[in-house]
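You will see chain A twice below: alongside chain B first, and alongside chain C after that.
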Partner chain A sequence: MWRRLLITLGVIAPLLWLLAFGFTRDPRYISSPLIGRQAPNFTLKLFNGEELTLDQVRGKVIFLNFWASWCIPCREEARDLEAAWRRLKDADVAFIGIDIQDKEDDAKAFLKEFNVSYPNGRDPGKIAIDYGVWGVPETFFIDARGRITYKHVGTPDTATVMAKLQEARRGLVSAAEGKGSYQPIK
Partner chain B sequence: MTATIGHYCIVIAFFLALWGIIAPLLTYRTGREVFFSSTRAGILGQFILVTAASSSLIYALVTTDFSIKYVAFNTTRATPIYYRVTGLWGALEGSLLLWEWLLVIFSGLVSWVYRDRHRELMPWVLLIFSTVSAFFLAVLAFASNPFEILSPPPLDGRGLNPLLEDSNMITHPPLLYTGFVGLTVPYAFAMAALIIGRVDEAWIKTTRRWTIVAWFFLTMGNLVGAWWSYHVLGWGGYWAWDPVENAAFMPWLPATAFLHSIQVQERRRMLKIWNLSLIIIAFSLTLFGTFLTRSGILSSVHAFSSGPVGAFFLSFLAVVLLGSFGLLAYRAEHLRGQAEFDSMLSRESAFLLNNVALVSALFTIFLGTIFPLLSEAVTGVQVSVGAPYFNSVTVPLFLLLVFLMGVGPMIAWRRASWNNLKRNFLWPAAASMAVALSLFAWRIRDFLPLLGFMLSAFVVFTIFLDTVRAVRARRRLAGEGTAAALATLVRHNQRRYGGLVVHLGIVLIALGIAGSMSYSVERQATLGIGQSLAIGPYKIRFEGMRGLQQPTHFRVEAAFRILNGGSESKLYTPALKFFPNQQSPVGRAVFRSTLADDLYMILSGFSEVGRNQATLKALVRPLVAWMWIGGGVIVLGTILALWPFDVSATEQDEDRVA
Partner chain C sequence: MRRLLPLSIVLLLLPVTVGAAQQDLEEQVQKIASELRCPVCQNLSAADSPSELAQEMRQLILEQLKQGKSPEEIKAYFVSKYGEWVLLAPTAKGFSLVLWTLPFVAAGAGTILVLLLIRRWSKKKREGPASSEIGPEPTRSSLLEEQTRLSAELEELDFDFHSGRLSESDYKEQRRELESRAAAIHKKLALLPPLSSQQPVHVAGAPSRQAALGAGQPSPRRNWQLAAGGLFLLLFGITLGVFLAKSLRPRSSEQDTMTGDFLTGTGPGGVAGDSGNNIDSLLAQGRDAFERQDWPQAIDALKQALAINPNHPEAHSTMGFILAQAGHADSALLAFDRALSSDPNFPPALWGKGMLLYRVKEDFPAARQTLEKLVNLMPPGAERDEVQKTVTQLARLGGEGKKVLKKAQAETGASSIRGVVSIDPKLKAQVNSQSVLFIIARSASSSGGPPLAVKKIDHPTFPVSYSLGPDNVMIPGTTLSGKISVSARLDKDGDPTTREPGNLSGEYKKNPVEVGEQKIDIVLDQVM
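The block that comes next holds the complex of A and B.
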């Protein structure tokens, strides 16, 4: 009898484990194919009226963050990102913020509220598509040779930001994406 | 107020269900009848309370009481009264309440029907019912409360998804849920028999009719779902092997296998463990289906809301699987079969093969459904499995099942003699071969559909031959006319003839699937006024287009006429509906259905109305109508099998069981 009970348990337990594993992941989520590839170039009109293209900052390690003013996790991360930028801006790092699916006034109010000082601009519509963004915030780390080395979906913590920038500086490509708190786009 | 009444009814019913679990144990311990009576009273109490809770929710929906969140999310002031009522199963919380309601109706019926019988089994049967009921009530009371308050109440509600405002929405979910819940009856009796260790054929004979009823509702629920998908969703298909569809279909497979294999146990006292396993699997799959649909662990085209109930369902599924199979393993010593198969050529082995095919189909579909999860757990990479996998693996199994529908009912028990085989199958085999040859000569040259049509013909011929012989014999022996002879035959062998008619219905469905899977044609073209698109034997001419402002949306419709030879049809107007809140338009396809084929028309785009150009997507889907006719035949067959034509015979049958 014990043998039979064990066999029963042996069949059922892995099945239940598998179904429970399902809770730990989001089935609609598809890993980005961009990691390890060249970052798509773009031209961004900044809120201060200037224009910025990705090619202008080639040679630096780039921290590229997609956000929106209506996104709650973006509010959570805003202060940390600004703090990180202030610590790093004299190093060979460029921070760029891209505002998507947003109203211009709301976006400007957001930047003012959090005293964001790194370059930010509104997506004319195509950049988020090129990068396969489907929620905010999403952050791409790009190395000096223009390769995407890491993608973080949702809010990253400061330690992750620092570590991944360091890896990007050394040209290390991460195997998987990171995840934090997140809001799908409308 | 309504919300308070509803919520407290559920909470009190939950405690009654807990009592329904404790009291039978006390009955067993103390042997005192009063505990058993209180179990039955508890079931009645649950029935009254859950009925009151459901009525409260329906009342709130009908009176658009937007202080209840569920009402605000699923009706509007403009919603017609019948869609307000069907709002009961328009979303998760209400659907669970409907499920629980059906469950207490079934348990109340069982408790009443067997009030004087099965004295030894009944406490345990009611314990199982109470356990399942306690689970659903706990979910309704603590995780997914349909009576949650919304404060302040909004001025108007959000309303149902427009796709759900369809007459099939009234029938599809309740049919499916009745099928799911109905399987609880044989499951409860099976578990009760295992608990008391009396695993003879009694529980099977008792629950046979209940199982047929549950099977019938499952079948209808799936068919109506397919029909809804076909005529509302506007993609020209009725089945997509989506996880949610599979979830509804999977319990059907072991339930069908069970209906067949219990006949082997009744006749030959074999397959005891197998039958118990089948009913446990069928019941577990009804829970698994809801888990899959509501947990959000797999992506589906069916946008169901998910919530915290996923974890609840998984935990209960674990309890059911481990508890039931654990008990089965514990009792396995008592369950040794008493006979062995005498021959491979026998009805037992035909039924066994039928079971193997059904369970293989189940395994295949189950694997395909959870494969994305499995592959990510093992390799970290998501791989999704599409229709080609499901079709290529299940089609041969389903063809085998069609063949067995011809063989199973006619072949002899124990050992079929050469004479038996020749007598029952020689003519049908020859005739179906002739059908296949003439189809081949006509124009059907592909192997699988040809095989499908041939096997379908085979089943029809075997049934026809058998019935004609029986009628003839009766005419000779009893001197009755043909009609009277047939009527007597059916009345005296309800199970057999009901089953055969159901088989005919399944054959018609198979015909519809074979035709539409293999010979559909699809074409798309952009047409100016007067131009036409040729598809199959038809030409579709574009006649004009107009835009209409409707109360809730703007509608662009294009008019087409079907030309077939010299004849011209009436106007058909597929449309695109633009709702202000939705980014993309909702299509409204139209189709013309005949017994030979359906012509399905979808407006997929247009230039500005002034320029009068429309893009039309047209599909010709042969034989689809037979699927729905087959559904009607199954209804007939089930009525034939269950209708109490001969009350005294039925009672005798039940008495023998008791």
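The block that comes next holds the complex of A and C.
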């Protein structure tokens, strides 16, 4: 009797555990294989007409942010990011914003609304996939040697931005991705 | 002419082959895309999904095919960006190998289990009739049946022998066997208990006690097991039904899930179907509490409303006004921005954002832009003129700094009212030491909405003189202007959230008044 009960439990318990595990996970979340790897190069046509390639800013610590004007969490972070950029401008840090799945006018209005002053441009269609983007905002921290040291899905708070830039400056890679509020892309 | 013929055929065929190549490429794209998962969909391949990202992926596959890359290389590219996850059929390596083998292992184990069970059951059946545990009724009838069958066989054997179809030795052997089987059956029948007194009993002697014990109904343990199983199934069904009904709901937005945070802990709480009515009543509660200046309750109601619909513009903008009131300008701006991101033309949010940018952030161009948008949305009227006035004021300020603002504020320094609140002598007895007096100024042109300014006076001794000015406005930085109506309320326990009977109120008799007027005297003459 007891043996039979134990066997039944032994079969059912792992199945229940598997079910519970599946239910508590975010089904949209895709962990990135890019962390610790070389950041893919890209050529970005900026909204002001200039062109920017990732290679141009090699040697600096890079804060690379994917956003869209229709994304509510992007609005949340926009002010903080601009404030962080103004504080860090003179240090050897580069902020780059890449607008994805958006209309040019909407994106420009967004940048104007939040007085964004760091370089921003529209994704011609391939950069987002090159970085495995699946939600907005997504932020990649790249160290001076061009390695992706950290990825944050969703809005990062200012403390995280500062800390992770500091880590990138020292070339530290954090395997765990950060997560804030995000929106899946279209 | 003959020489030209092959050339013309080639020329004729050329567009066809190009078209075929195009089609071939398209097919290849479709095939590769069908093996890749669309990262923003749930269980859709990049070939099937209409999403923008899937379209971009297909475009990218096409480009890479044109560059001469093999399907394997293209798939490897996507794996290097999104991980192994992006393959709809994961490669049979490492942990993924488990995915491939587990179904077969499970199917094999299941088959073995079923075979074992069948063997066990059939064994039981074979042993069954021999054991004394089987009930007498089937055994008796089957034994009797066997007996008649055997006697028929004997008769047939006799007939066969007498008609010369069987040799004597065969006949004897077969007859002996049949007889011995008949004898065995007879013996078994004799061992059975008597059916009833009427029925003839074949054999003398008491039936075995063991057989008597085994006879009768199915064992009580079996009954108990059946009942428990039935009960379990019933409970399982009820639980499943109730839980599913409670935890599922229609998605309220694209980002929403069917279960809310009931299972995933991500979205707003799992809510029963009446969320539509709920949100209105919650917003009404929030507005009421806001007007009463009961901030905790207002915040609570608005938070609940936002839990149901995280993008509700009114809930966000009201929250923004509360935050602005509390001096959290940045959070208030964020709240207004959120309201505007779900409804870019929501007037209260435009107003709140514009005024905050103007008075607190002193970002005049942005404030002007926001308020101009508001002016264009408003119907003509006194309120619109107010906003228009602010916009022209902003235009005058232009890009100048704080100094100008200070001057501007000094200009509007007369934006206050003064007066005396007294109490009807007949109602003097109603006043107790806990009472708190509120003097409230509302815009005369709009009936609803929050008050423009409120002054609170603790434990007043009547008559009490007051002044209502820029320090008392609900939104920091704004000023009182235009026509307003002024009233006063004496709250017995000082808690504006509760409306006890016996609270006193009164209005200025010559409402509305122009801001800047003096001697706005109010008499508390009404019992609420």
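Note that the second predicted complex is superposed on the first by the 161 of 186 C-alpha atoms of A that agree within 3 Å, B and C clash if a C-alpha of one lies under 4 Å from a C-alpha of the other, contacts with A are read in each partner's own complex, and residues count from 1 in each chain.
In the analysis below, a contact is a pair of C-beta atoms (placed from the backbone, for glycine too) under 8 Å apart; a residue touches a chain by one contact, two chains touch by 3 or more.
Owing to the predicted nature of the structure, the values given are computational and were not obtained by experimental measurement.
Colleague: Kindly classify A:E104 by the partners it touches after superposition: chain B alone (first), chain C alone (second), both, or neither?
Modeller: neither
Colleague: For A:L34, select first, second, both or neither according to whether it touches chain B, chain C, the two together, or no partner.
Modeller: second
Colleague: One more residue to check, A:F23. First (chain B), second (chain C), both or neither?
Modeller: A:F23 sits against chain B and chain C alike.
Colleague: Does the superposition put A:D157 against chain B (first), chain C (second), both, or neither?
Modeller: neither
Colleague: Decide which partner touches more residues of chain A, taking chain B and chain C as the two options.
Modeller: So, of the two partners, C touches more residues of chain A.
Colleague: Check whether A:D92 is in contact with chain B, with chain C, with both or with neither, and answer first, second, both or neither.
Modeller: In the superposed model, A:D92 contacts neither chain B nor chain C.
Colleague: So, A:E51: does it touch chain B (first), chain C (second), both, or neither?
Modeller: neither
Colleague: What is the contact status of A:M1 with respect to chain B (first) and chain C (second): first, second, both, or neither?
Modeller: A:M1 sits against chain B, while chain C stays out of touch.
Colleague: Considering each complex separately, which residues of chain A are in contact with chain B in the first and with chain C in the second?
Modeller: Residues 23, 25, 27-28, 30-31 of chain A touch both chain B and chain C.
Colleague: Which of the residues in chain C end up touching chain A in this complex?
Modeller: Per the stated touch rule, the residues are 39-40, 42, 51-53, 56-57, 59-60, 78-86, 255, 263-266, 311, 330, 333-334, 337-338, 341-342, 366.
Colleague: List the residues on chain A that touch chain C in their complex, please.
Modeller: 23-28, 30-34, 72, 75-76, 79, 101, 113, 115, 125-126, 128-132, 134, 183-186
Colleague: Within their complex, state which residues of chain B touch chain A.
Modeller: 291, 295-299, 310-311, 314, 317-318, 321-322, 325-326, 328-330, 332-333, 370, 372-374, 376-377, 382
Colleague: Can you list the residues on chain A that touch chain B in the complex?
Modeller: Interface residues on chain A, with respect to chain B: 1, 4-5, 7-9, 12, 15-16, 18-23, 25, 27-28, 30-31.
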